[in-house]
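There are structures below to look over.
Both complexes shown next keep chain A, but they swap its partner, so chain B is in the first and chain C is in the second.
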Partner chain A sequence: MTKIIIDGKEYDLDPNLTLLQACEAAGKEIPRFCFHERLSIAGNCRMCLVEVRMGGRPGPKPVASCAQQLRDLPPVKEGQPLHEIVTGSPTVKKAREGVMEFLLINHPLDCPICDQGGECDLQDQAMAYGHDKLERFKENKRAVTEKNMGPLVKTIMTRCIHCTRCVRFAAEVAGVDEIGAIGRGEDMEITTYLEKAVTSELSGNIIDLCPVGALTSKPYAFNARPWELKKIESIDVMDALGANIRIDARGREVMRILPRNNDDVNEEWISDKTRFVWDGLKRQRLDRPYVRKDGKLTEADWPEAFAAIAARFATTKPERMAAIVGDLADAESIKALKDLMTALGVVNLDCRQDGAKIGLAPDGTRGPRAGYLFNSGIASVEAADALLLIGTNPRMEAPVLNARIRKAWLRGNLNIARLGPPADLNYPVCELGNNPADLIAIADGRHAAFETLKSAKHPMLIIGMGALARPDGAAVLAACAKIASATGMIGPEGEAGWNGFNLLHTAAARVAALDLGFLPGQGGRDTAGIVAGAGKGEIDTLFLLGADEIDTRALGKAFVIYLGSHGDKGAHRADIILPGAAYTEKPGTYVNIEGRVQRANRASFPPGEAKEDWTILRALSEVLGRKLPYDSLAQLREAMASDAPHVAQLDKAPGFPPADPAIWRAIGTAGPIDNAHPFVYPISDFYLTNPIARASATLAECSRSSAGRPLASAAE
Partner chain B sequence: MRLLGRLFQLLFTWWNGATIGTLWTISRTGQLVGEDEQGNRYYQQRGGSRRWVVYNGYADASRVPPEWHPWLHHTLKEPPTLAPPKVKPWEKEHVPNMTGTPFAYRPPGSLAGTGARARGTGDYEAWKP
Partner chain C sequence: MSTRRLAPDQPATFAFTAENLAWAKDRIAKYPDGRQASAIVPLLWRAQEQQGGYVTEPMLRYLGDMLGLSYIRVYEIATFYTMFNLAPVGRHLIQVCTTTPCMLRGSDEILDACKKHIGPKPQTVYGEGLWSWMEVECLGACVNAPVVQIGKDFYEDLDGPATERLLDDLKAGRAPKPGPANGRFSSEPLGGATTLKEVKA
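== the complex of A and B ==
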């Protein structure tokens, strides 16, 4: 620890802190533009100047506080007073005013038409730290041509103050060296060199990083002002990571989505799909019930739709009914649907639309929770020193997690290997080929990767749905569990407090549904069995809770009830459509990959006659004569908590499960692995993975441009 | 009786034609320059620079047609009687400001107009089967 005086008061601080962080720890506000805690230090805006007095004498010149650490200060001489940082002296004030004046020389005065207006660092700091006699420059301001950065990021480069946050983000966090600065001094320009979109799934974050209005959101351009927006803290459902988001709504319209800081989950990044999906919330909405009459879907009211369902259910035997939960469902509606189906005696239930062989023990009972979680926790990725990716492409399946892996790799002590088809992850990976049977070789110690994992202190597996959503998925899972226990990732041989057995889900609803046991009961069918059964006429009635990723054309003559928010494949096939709420329109509980339970809040109300999903199921249960025992969300959550107690523990990862070897034998089913079929990644188009994303025009444009097709030039 | 009414207007109202003082000044120093389609008469001060309009009826500045407007405001030297402006084929007839009259413009949704408002489309696009 280092003793230092900050503005007359003595503090004892970590010598690794920068002067700026030390001042913040002392409660002093230091203005800054280029400094950002999650990026490297550039020290080029000079806004954070402070005065450092050494030995009681005034410093020779102001110091950029972001670029100097406490330990960089010379040692205090015997008998001399401690070094002092002064943040409010006339020298500092004058220095800040001078820097601000230089920044404003070339900054346009277009705040009234600038989208950053109201949330602009330059505006705020000019008010707080600038001075009011800025009339000595009569010269013309410089102008910079606009750059094309694709369909997401709008550029007004004249406003750029060259903080280089976007350049550092692209190079360090996103891992694409596609933004850079050319020219020097007044001629410096930030550019993508080739006038093209940044090929990163995280590119939207440079909009948040930009302290001025040089990089703004293209879909949000001129739509709203920050002060007229209602800000709601919520949870993202575009991937299974459960990124913390803030939804900004005006009236009942969602205007934009921003990240919220959560060091354990998403730090402060979100993927482009999360950020720009909001226009999908306004299109293709199911806003009234529909009933199919004479082969055509016709508008209906709620009692009519319920009566049609009741008539159908009265004549169907429970073993000829089935229900499938989709990827975006909240835990409340999953619980309500499970209770309703259980009351009706239905056992053909499944939440694994992709057919992943998880959640069930070899004897068909529910498997241990550790068998389907990202056990190490997301933040612990940074502690890992050996990582084996099995049939997963984290860049597509969870881009923010991929940034975390890259961060760990950048620190230099992470060995990454992959069993699966090649794909660019923005960090180098040792390719082990794509022979699924190699897993057994690794588990038996006959493969080089075994030694690497065994000798590592914190080894880690990430198993993707590409490895598990296949007929021999249970055998793959069992082989992975064996690798985990054999290499000491868990259990008595491994280090206490470490569990590197991680599954990476692609669906936000999956872990909650597995926790609540939305799985085939005794003698029940799984998704593939339900779809095949419907095609063969063995399943008569099928209830889809937002399930669109199954093959809806193979459902034969089954009577399909679809409860969801968007008109997608499921709604097209449905015989009865019940309009539900999208994730921004209901208070819901979601469980992310690491088992962290998070609550989403309502930002706006569902459109038209649509209702929150669980209330629809509750109303339907009464019509069916199987009234669900809860009348309010609180009662439903209580019932959920008594069913699965951990679902009541909010925002807490479960931690490492007990090192019981018996658990690891109950994961998956040991068996032969089909080497003839290599692993295939579950996501082929990152931007169009769910019904909301497929309704979004912005993401459709991204999908087009990322596929290498020419950009529509109408945008700018 | 009509004559008496006109005399009353002349003496006590300022919004019909010109006031009695203006008429007195014009009759002393003014010289008639011309008359427009609406019957408004335009005068100029003899040997001076002042220009007047005497409205034919209600005194409303927007009744001055565009050809007389620049002369009246000293934008042009020559009155349209001497230098008639070119009339383009697409030019519309001059209409005075109709605000406050039954001929005022009403937007399509105005309650004072047809009262029939186009139905709101909502802030979302509904899915149609």
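== the complex of A and C ==
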């Protein structure tokens, strides 16, 4: 520890802190533009200048506090006073005013038409640390041409103050070395190579990082001012990571989505799909019930739709009914649907639209929770020293998690190998080929990867749905569990423990649905069985809770009830449509891959006659004569907690599961692995994985441009 | 110095000649392991020579691929250093130093001579590819100001008429003699040595 005086008070601080961090620890605010906690230090904006007094003498010149650590200061001489950092002296004030004056020489005065206005670091700091009377520069300001950075990031480069945060983010966090500063001196300009779009799924984060209005959101341009927005803290459902988001809404309209800081989940990044999906919330919405009459969907009201369902249910035997939960459903509606279906005696239930062989033990009972979680926890990825990716492409399935893996790799001691088709993950990967049966060889110690995992201190598997959503998925899962046990991946519980057996889900609803047991009951059919049964006429009535990723054309003559928010594949096939709420329109519980229970909040109300999903199910249950025993969300959540107690523990990852061998033997079903069919990644188009994303024009544009097709906006 | 950007018209490809490729490999090998990208400046310099004095866009990609450097990083370097020309130059590139010492010693006369003999605009190729001229920052030969660099040679102690003679020689295909144009040796005083006369070489 180093003793230091900050503005007259003595502190004892970690010598590895920078002067800026030391000042923050002492509660002093230091203005900055280029410094960012999660990026490397550039030290080029000079806004964080402080005075360092050594030996009681005034500092010779101001010091950039972000670029110097406490331990870089010379040792205090015998008998001399401690070094002092002064953050408020006239020297510092003058230095900051000088820096601000330089920055503003070439910064346009277009705040009234700038989207950053109201949340602009430069605006705020000019007010706080600038000079309010000086007007020395009468010269013309420099003008910089706009740069094309793709369909998401709008550039007004005249406003750029060259902090290089975007350059460092792209190179370090996103791992796409595509943004840079060309030219020098006054002619320096930030751009991408020949103005190509940034090929990252995290590119939207540079909008947040930009301290001025140089990089702003293209879809959000000129839409709203920050002070007129209602800011709702919520949870993202675009992937299973459960990124913490802030939804900014004006009236009934979601205007934009921003990340919230959560070091354990998403740090402060979100994927482009999460950030730009909001225009999909306004399109293709189901805003009233529909009933199919004479082959055509016609508008109806709630009682009519319910009556039609009741009539159908009255004539259908429970074994000829089925229900499938989609990828975006909240735990409350899953619970309500499960209770309703159980009350009706339906056992053909499934939440695994992709057919992943998870959640069930070999005997058809529910498998252990550790068998379908990301057991190490997301943050522990940084502790891993050997990682085997099995049939997963984390860059597409959870881009923010991929950034975390890259971060661990950048630190230098993570050894990454992959069993699956090649794909660029923005970090080097040792390719083990794509022979699924190699898993058995690894588990038996007959493969080189076995030794690597065994000798590692914190080995880790990430198993994707590409490896499990196949007929032999249970055998793959069992082989993976065996690898985990055999290589010492399953350590003790608790603080010093470790568990590297990780599944990477692609659906936000999946873990909650598995927790609540939305799985085939005794003798029940799974998704494939339900679809096939419907096609063959063995399933007469099918209830889809936002399930659009199944083959809706194979459902034969089955009577399909679709409860969801968007008119996608499921609604097109449906005979009755019940309009539900999208994830921004309802308070909901989601459980992320690591088993962390998080609550989303309502940012706006569903359109038209649409209602929150669980209330629809509750109302329907009364019509069906199987009234669900809860009248409020609180009661429903209580019922949920009695089913699965951990669902009541919010914002807490479950920690490493017990190392009990019985648990690990109960995961998957040992059996042969089909080597003739290599693993295929579940996501072919990152931008269009769910009904909301498919309704978004922005993401459609991203999908087009990432596929190499010409950009509509390139001619602008 | 004007804004430095790649020229609008670009050749389709670039590749080192066999000789330059061998030289480049030798050069890259001089850097410690994992630091091969540091060879970018000498390689760009040699590539510029091969291209006839300027850097092209395919060249940036070629060198980026060769060194495992992303294209934008090569682009940054090429636009940062003013010794890399981004547009075609003449076979003779006349670089006129106009920094303070040269300016005080009469670089304006040199510029006038260039404008008159070569053409009115800097960074413009005249005489069917024969030559172009440009202003540059300090060439580091202030003791012989004003100075002009042509190719790899310095022509020093110039004035208007001396520059015109120099340019005439170039145009006529003669090879003018580098060094001071006013008769002095190296950077000795104009009238010969004034001190250390008794020391024999």
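For this structure, a couple of remarks:
Basically, the second predicted complex is superposed on the first by the 707 of 716 C-alpha atoms of A that agree within 3 Å, B and C clash if a C-alpha of one lies under 4 Å from a C-alpha of the other, contacts with A are read in each partner's own complex, and residues count from 1 in each chain.
One rule holds for everything that comes next: a contact is a pair of C-beta atoms (placed from the backbone, for glycine too) under 8 Å apart; a residue touches a chain by one contact, two chains touch by 3 or more.
These numbers come from a predicted model, not from an experiment.
When both complexes are overlaid on chain A, chain B and chain C end up sitting side by side without clashing. Of the two partner chains, chain C is the only one touched by A:177; chain B is not.
In the superposed model, A:571 makes contact with chain B only, not with chain C. Judged by the touch definition given at the top, the superposed model places A:285 against chain B, while chain C stays out of reach. By the touch criterion defined above, A:143 reaches neither chain B nor chain C.
By the touch criterion defined above, A:676 lies against neither chain B nor chain C after alignment on the C-alpha atoms of chain A. Of the two partner chains placed by the overlay, neither chain B nor chain C lies in contact with A:1.
When chain A is checked against chain B and against chain C, the one touching more of its residues turns out to be B. In the superposition on chain A, A:251 makes contact with chain B only, not with chain C.
Looking at the shared chain after the overlay, A:109 reaches neither chain B nor chain C. Between chain B and chain C in the chain A overlay, the least Cα distance found is 41 Å. Common to the chain B and chain C interfaces on chain A is no residue.
Touching chain B in their complex are the following residues of chain A: 251-253, 281-288, 290, 296-297, 566-567, 571-572, 607-608. Across the interface of their complex, chain C is touched by residues 177-184, 187, 191-194 of chain A.
On chain B, the positions that touch chain A within their shared complex are 122-129. Listed in rising order, the residues of chain C touching chain A in the complex are 1, 3-5, 57, 70-73, 75-76, 79-80.
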